[in-house]
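Each of the next two complexes has chain A plus one other chain: chain B in the first, chain C in the second.
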Partner chain A sequence: MPVKWLLYWQPSTGSTVSSQTLVDVMKSIESINGVRTGRWQVTASNHRPIQRDQSMGLPQDCARELLGLTFSEVPSKHYFILRGEHMVVEAHANMQNIMEKLQLYRNRLNIFFEGFQYQLGDFQLKAGRAVLAHSENLRGIVLEVEYVPVSSLEQTRLLLQEFVEMWQEVVTAQNMAGRFTPLEPNYSDYNLPDQYSWQHTALQYVNLMVYFLHAQRN
Partner chain B sequence: MQQPSPALSSPSTGFLGPRVSPLFSSTVEQSSDGGVAVSSTDVLRPSTAVALSTQDQGKQAPPKKLSQAMEGLQRAHRHIADIRSGADLLLEALEIAVNRRTKETPGKKASDGVASAVETLRNALDALRATARDLESSGILKGASQRHEENQPWGLQPPSVCPDGHVTPYAWKRQIAGQAAASAVERTRLALKSFGEQKKHLFLGVGDDHRSKKPRTGTFRASADDLSLTDILRKVQTDASGMVVTPYARLEWAKRTSCVNISKVATDPGQALAYLPPQINNAKVEPGTQSTLPVVDTPPRPVEKLAVLEVSIPGVLRAIISLQPTGSAYPDAIAVFSHDENGGYVHAWGKSIHKLHQRISEHGVNALHHFRRNFQSTCLQHLLHWLYTYRSLFLEPCKECKRMTALDSPSDLLLPPLVRLYHHLSLPQTGKSENSKVTYELAPYHIACVPKKELECP
Partner chain C sequence: MECIVQGILETQYVDALEVLLQGLCGGLRETLKVHEFYLKSGNNMGSVSSELNLCCSLSGPQPVWTVRHVGGPMRGAASDQLSALVRSIFEADISNNGLRFLYALGYKLDYEILRTGFSFCFQRVVPITVKVSCICRLPKLHAIDEAVPVTPTLYLVEVFAPASADNYAEVVAAISSFAEFLAPLLHLSKPGVFTGVVPTAATAAASLISRAALK
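Moving on to the complex of A and B:
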C-alpha cells in the first residue's frame, strides 16, 4: 500500500484557522497542476465503556477508551486503536452496530475529516477539514500526502520530507500565515512494520483527532 | 391436316384468316407433305402456334426479325427430318443386328452399324436442341424461361442449376453464401496468421523445442569461458545481497501474473535458487549433510526452459527481464514495476502504472541496448549489476543538485534521481576486493541534472 504522510495546518501566532485557509490550500494545489479526482472522508469516533453499575469498577480486561476509524476508501473495515494497550485492531464494519446492540460501549463523539483529493504525477494529495459531528465547528485543516509507487516507510522518508518542504514554499508564496506540520506517530510502539498499511493510517488519524480535541480545549 | 388455304376463306374474316400468310402456309404444307410422324407434328404444333402468334407481332416486327425467325424455323424443320431419318436408320441397324446374331455372323459389323446410327441420331437431336435454344433466346419460341416469366410476373429468375447439380431458387443466394464462406475462410486465415505472429513475439521459444538453440542474431557466439545462466544466478546470490533474482519459464510467468497475487516480495535468495536444478558436482556439499535449499512448491525447472528473470529489490522496485533464446544468458527486454503491481501486464514488454517506473524502464531499455552492443558475452551480468545500483534510488540524493526530488519540467512530475549512467560501468572482478579506489556503484542523477560530459561514450 502506498505510503501516506499526514500534515495539519498550524496557524502562526495571532491568526486562527478558517475555511479560507482550506480554499487557499486547494487553490495552491491546483496552481501546481494538481488534478482533482474526487472526495474523501474519514470518520473518527471515541467510545467509552458503559457502566451499568457505578459502584462496581470496570473489569480489568476491558478497554477504557476505544478510538475507532472508518475510511471511505475501505467501507467494509473498521479500525480500533487502543492507546493504553498499544494495539491497532481491524474489524468488520458491522462492529459499530454490534456494539450499539450489546450496549457495552457508547459513542461519545465523532470527528469528520472530509475534503477533495488531487493527483500530482506519482503523488496523491488529500486536502480537507476536520469538523465535529453535528456542528460546523471547524477544528482544523488536514493535508494527506501519498506517494504511490513505494510501500516502505524508510525508503520514502527523504522523498516525502523534501516534498513537504517544497509544499511549504508554495504555501508561503501564497501568503498564508502558518505552516503544515507532519504528524508522525511512533509506529514501533504499536508493533507496526515498515510496510505501510491501513493500520498505519488509522494510527495517524487517531493521533490527529486527539491533537485537535486537545488543541480546542486549550 | 392441311391448313385451310387463304383462298378458301374470305380475306378478312377467316378462322385463321388474317394470321396466316401465304409464305407460312406453304411451309406448313411442305412438312405435312413429308408424311409427318406424330411426334414431329407435336413438336411443330406448339412452334406453329407460337409462330402464328409471332406472325401477329411479325407484321409489326421489322422484316429482318421475321426472316431470322423463318430461317430458324426452317432449320428446325430440317433437323426434325434428320431425326426422323436417323430413327429409321437406327431401327434398320437394330433389325440387321438381330438377324445377324441369329445367323451367327460376327456381330462387329452389326454393332458398328448400330453405333453409327445412334451417333447420327444423337447429332441430329443435339442440333435440334441448339436451334430450339436459339429460337427461344430470340423470343420466337416460347420456352421455359418465358413460361416462367409469365407465371411469375414479379421478375424472379428461373431456378438455376449449378454445375454441381444443385438447384437454387435464387442465383444470388448461392452467390452470397459462397462469398460469405470465402470471406469467413479468409478472415480465419488472417486471424490465425496474426495469432501465430503474436505468439512468436510474446512466447519466444514456446513449442520450438525441435529447432536448434542458436541465438537469433548471428553475431552472438558463446565462447567457452562465458558464464552460463545458472552460474550467473548463483554469482548474483553470493555477490549481490539485497537483490533477489528468480528465474521462471515463460509460460509459468504468464500464468503467475494472471492467477497469483505476486505482490509478495521475494526476499530470500536461497528460495529463488531453489528453482534451479541442483548442482551435481558440488564438492562443498559433504555427504551426509542435509540440503540447505528450502522446500518450494514447484520442482526445479530445467535450465533450457528458463526465459524470464524476476529481479526484486525489496522496497524499491521489481524488474522483469526476458531472455532470448530460452535458457541462455542473453537478455532481450526489460521492464520495471513496483512491488504492488499485479496483473497480466507485468512482463518484460509491459508498462508500469507509475510514472517513476515508466521512466526507469525507458532508461533500462537504453542500458540494455548499450550493453548488447558493447558487451555481447557479459550483457546479462552488466544489466544485473546496473539494476543492483538502484538500491539507493530513494536513499541517496542527486549528485548534481544534492536534492532528492526534482521537477521534470516537460511532464510536471516530481521524480527522485533515477538516472544511473551505464556508459562507464565495469563489472566487479572477483578477488580484487582490496582495490578500494574503484567503486562499482553508480552516481544517481535526476533526468535534468545529468552532466553532458558523462553522456559521451568512450
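Moving on to the complex of A and C:
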C-alpha cells in the first residue's frame, strides 16, 4: 500500500480556518493540474466504557477510551485504536455489530473527514474538512498526500518532505495565510512496521482527531 | 443468524463419516485446527455481562483470527417446532493482536480449547457446513502442543448454515433433509438436546468403509 502523509492547515497568527480555506486549497491543487477523481470520507469515533454500577469504578486494566475508524475506500474494514495501550487493531466491518451487541463502550462523538481527491502525477491528494457529525462544526482542514509507487516509510520520507515544501510554495503563491503541517507520526510506539498499511493511516487520522478536539478545548 | 444441529460420533466411525461426506460432497474437505479462546466480560464492564469467542485457525499457512459472538437462541412455540436451533451469530476477522485487544476491553479468559478435525461444505438451498471435530483441553495456558482430547472416544459433529429472518424455516428444512443422509451413523439434534450414539453406526460404518475400499 502506498505511503500517505496526513497534514493539517495551520493558519498564520491572526487568521482563522474557514470553509473558504478548503475552497482555496482545492483551487491550488487544480492550479498545478491536479485532476479531481472523486469524493472521500473517513469517520473517526470516540467511545467511552459503560459501567454497570457507577459506584464501583472500572477494572484497572481496561481501556478508558476506544477510538474507531472507517474509510470510504475500504468499507469492509474497521479500525480500532487504544492510545493508552498503544494498539492499532484491524477488523472486519462486522466487528462494529459485535461491539454494539456487547454494549461495552458508548459512542461519545464522531468526526467526519470528507472532501475531494485529486490525481497529480504519481501523487494522490485528498483535500477535506474535519467536521463534528450532526453539528457541521468545522474543526480543521486536512490534506492527505499519497505517493503511489512506494510502500516503505523510510524510502518516501525525503520525497514527501520535498513535496510538502513545494506545496507550501503553491499555497504561498495563492496568498493563503498559513501552512500545511504534518503531525509527527508515532508509528514505532504502536509497533507498526516500515511497510505502510491502513493501520498507519488509521493512527494518523486518530492523532489528528485528538489534536482537533484538544485545540478546540484550548 | 445461523441454523445448527449437532451430534456425537464414536471415534472409530469418524473415517466412515468422512467417506460418506466425501461421497455426498465431492471432495471439498478442509482440515480443522483451531485454537479457541472463550472470554467473559470483566466485573462492571458493559451494561450487561457478555461472552465472546476468539478463534485462531491454524490450518492454513498463516494464522487467521476471528471474533465470534453467539447470541441467544430463537424462542417461542414456533421455534420449538423447528428441528434445528436458530440463533444470531456475528463473526469478524481481526488482526493478530485480537486477544490483547479483547483483554484491554476488559475481557478475561474463561477457558481455551483446541479443535482438530475436518469440515465439508455442501451447496444446497444455502451452503451447509459439516464440522467433525475432536475437542481438546489445554493442560497449560496456550499450550496447544500438549492438548489432550476431552472425550477421546467421541467426536463432535455440527451441521450448520447461515440464515436470515426471511429464510430460516427453509434453511432448517434443508439441514433436516441433509441430516437424514447421516442418520445411519449419528443422531443430529439441537445443541443441548442429548441424543447419544446410534445403534446402527457399526453396521453403517462397516458398509461405508468396505464400499470405499472397493472403489
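Here is the rule we use: the second predicted complex is superposed on the first by the 216 of 218 C-alpha atoms of A that agree within 3 Å, B and C clash if a C-alpha of one lies under 4 Å from a C-alpha of the other, contacts with A are read in each partner's own complex, and residues count from 1 in each chain.
We take it that a residue touches a chain if its C-beta (ideal position, glycine included) is under 8 Å from a C-beta of that chain, and two chains touch if they have at least 3 such contacts.
Keep in mind that this is a model prediction, so the values were computed, not measured.
Judged by the touch definition given at the top, the superposed model places A:123 against chain B, while chain C stays out of reach.
Touch criterion met: A:103 reaches chain C, while chain B stays clear of it.
Of the two partner chains, chain B is the only one touched by A:155; chain C is not. Once the two complexes are laid over each other on the shared chain, residue contacts for A:190 go to neither chain B nor chain C. Touch criterion met: A:33 reaches chain B, while chain C stays clear of it.
Comparing chain C and chain B on the residues of chain A they touch gives the larger count to C.
Contacts of A:163 after superposition: chain B is touched, whereas chain C is not reached.
Chain B makes touch with chain A in their complex at residues 314-316, 338-340, 354-357, 393-395, 397, 403-405, 411-416.
Across the interface of their complex, chain C is touched by residues 49-53, 56-59, 61-63, 66, 80, 82, 85, 87, 89-95, 97-98, 101-105, 199 of chain A.
Residues of chain C that touch chain A in their complex: 41-50, 52, 67, 69, 71, 90-95, 97-98, 100-101, 103-106.
On chain A, the positions that touch chain B within their shared complex are 1-2, 32-33, 120-123, 148-152, 154-156, 158-159, 161-163, 166, 194.
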